[in-house]
């Protein structure tokens, strides 16, 4: 059912995204672009002692990518970078078909996207941006 | 029956071609090459007052093209260029499927080639050379 | 019924009736084309041109026949002017490379319309960079029509090539190419028309148009994938050097020198897509059996009904309002992104395309990133329209 | 029985049993490939990559799967290193153009073997002319083997590219390409291997070979026409500019600048031959189910028996006597021309090819114009050999 995917939680996050904006002094950042659909996200992180202290994003995209980014930012703020990466891995695995994976909280709302493989990239875009950002060092 | 095509007349002409050689003072000449099978013919004519007084050819090719050239030379020597062209037209029409055409003498031996369209060019090569030659003027 | 001829239309999509509205991307194939394909591989398969045997002789005859049939269909003067390619994109690349690299120089101008598909844009941009020519935009109006006045002003003696799409795949505009060709010829420019979207809907007469080069895609005119054609005027093609090289396009080859075959072989190296070219003839036969004027009118009518009905939904508008338009509707919703709309339509069995439709410069012109596009084909009916409208309404309910 | 898998073999040719011995030109297709083709057009047809709907999603998945399967079959490190083309000829043109035009300059040398097919010869000759490089022959011996000593001597630091055929389509020689590649790499040259004739008979491992570029033809490995592939090492492909341009191979397009997509899309503009690529997977599956070592041995054995038997006929000889040879026999009769022999064989149901086999430089090497070539495939049997021998004997009787 398409309503499982476009449920209130997703629509809400898409309409009122959390952590939208930019950081004054990010330690890490990255830009991701999906040329196939035009989704774009710029992610900024403030990492201190291995912990993601603050996070913000800007960009344009579909409801799925916007909601996915918003949800991600709320979930990883306060986590260590290792925890965040591990969560992203679990999410990517689950969304590409590994049903054995534990309940992932708000991320579960995005799991029905697996019926629409051409949209999976929309949901994983912010997680790719996260990996990119953690590999980067900004001034 | 393949024996209708490769009959004695053809094999003989192929083995002992008539008018092979070159002319001392040709008035017209042409070279034809069929890159698909490597058949080559160089045709020389001596035309006086519109009559083909002498003719000779050199070249290499398959039995069909050699025989076709040999037969052509024997048939058009002494004919006017117009008669020769007309005969070529009849032959080309007959060999590409027009069964209504009158008996063409020795050329009839080549008509079974029409079952093998990819070989038709071998039989018409000298006639193309003739048309080319008649369009040319050599010194 | 026409749809019975297209077996794929009977197969449910996500459990719903399929409303196939992505005809601008590729059309479905009539049973005759499918049968001809299987028949070729089952009973006629052989390499063409140089075979010494019966099967090859038969395949060669059929292969040559498609060329003649296509040449007649577009009214080319000779079938030698029809070059087989792997698709419309390759046809244009062939011209941009073989003609462009040899006829353009520093200071020359290539005019390219703002509504070109990337296929008739990027190759010209590449050759302009290589040769120091400049690529200049033919602007379009807010309605999505060529700005003919601006075009007239751009036509100077420095213009060597005009690249223009016959029917826009994004917004459906049918361009006045006959007029535009005549205008270009007045200043001595050649014209490359991208006909990818035209052949399934319009009767094209290349001699009447006076067009220099015309690119065709087989799979967009009910034919197989992997086949296309380039029409070019003989004197132009004759003067052009080969594009790709290899077997079958040569006369003689040696380490010292290679000489090339005559048209059309000169531009067709290697084994062609025989199993695509031969069934393509069945697609042309299928089109020959249609009244194309009626078909085009019917497709345009369905598109108009769709447009009218969805524009009544709050926050929906259609991009591209040209007076002369094919059955293509590019939809924007201010309450959702093209992709979300596309996915909800998909869940309702409605097959549409979302994105920039390989027309980024056009998107930019309208300050948008993507649209949701419905494009009609010969088998579409009012049922497809209704299904699409209902699905858009559902999306509106979901997004509130 | 394997032949039951190939329905075309049951159809009489000129009233006789068909002995299909033109496999080097194109192979016949197993029923599974024919079925997959019809199935695609009947139930799966959609454009790939950018569709927002179920049919396109399914077609895209199948399309991508062929790439992965082919990459695994040739043991590429990544499927990104496999570029789909319309055939082997295009694969080589792609390299000659995109790599050659950007890596060759005045004074550089391209080594090309004397036994190359025009497809791996003319493109290099063209690029050598354009860039002022020289094209130098790797000679072959009277047996039709690469002269390895001469090759070694030619390998100087000026050599930038070596173009070599894996298996000769004219005379069957299987070249020691692994060794030749290693030798070339010692002087820093890249190697382009023409694998058109290899895939149906040999297990190819591109990593083990260490080859830089390897060109593949689908229709010569029991797959559809109009499909081919180029394998290239990732670092080489990454560094190369696009070849053809258009849709699907771009990242962003504007009048100011165009940026390109990553591998493999960068080299695949336009709608691919989806209806060919998807069934190609069935051909690979068919080959995966075979013991290729046994198949190759059987084909070579049939060729040897044919060779032995016809060489007993007066005035017949076989050109190409390499120690390591595939199932290809190139026949010369001093009492008739290749074409006449081919026609008589045809009249007996024996399908062979006559001519220069797109290898004019090789023909010249042996001072001949044409041969009559029998080439074996997986379904051939001793019955085909017997039929061919009897037909040659008949020709001998006719020509006396």
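In this document, chain identifiers A, B, C and D correspond to the written order of the chains, with residue numbering beginning at 1 in each.
Please note the rule applied: contacts are C-beta pairs under 8 Å (C-beta built on N, C-alpha and C of every residue); 3 or more make two chains touch, one makes a residue touch a chain.
This is a predicted model, so every value here is computed, not measured.
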Intersection of contact partners for subunit B and subunit C: D
Most distant chain from subunit D, judged by the mean position of its C-alpha atoms: A
Pair joined by the larger number of C-beta contacts - A-D, B-D: B-D
Inter-chain centre distance, subunit A versus subunit D - centres from mean C-alpha coordinates, in Å: 46
Distance between chain centroids, defined by C-alpha means - subunit A, subunit C (Å): 38
Whole-Å gap between the CA centroids of subunit C and subunit D: 31
Subunit C: positions in contact with at least two other chains: 50-52, 56, 250, 252, 339, 343, 346, 354-355
Residues of subunit A engaged with two or more neighbouring chains: 36, 116
Subunit B to subunit C touching residues, read off their complex: 33, 35-36, 116-118
Subunit C contact footprint on subunit D (complex, rising order): 7-8, 11, 13-14, 18, 20, 22, 25-26, 28-29, 33-34, 37-38, 41-47, 50-56, 86-90, 92-93, 117-119, 121-123, 125-126, 135, 137, 217, 219, 224-227, 242, 244-248, 250, 252-255, 258, 269-276, 339, 342-343, 345-346, 350-355, 358, 360-361, 364, 372
Complex interface listing, subunit C residues touching subunit A: 336-340, 343-344, 346-348, 354-356, 369-370, 398-400
Contact set on subunit D toward subunit A in their complex: 49-52, 56-57, 60-61, 250-252, 261
Residue ranges of subunit B in contact with subunit D within the complex: 1-3, 5-6, 11, 36-39, 60-64, 116, 119, 122
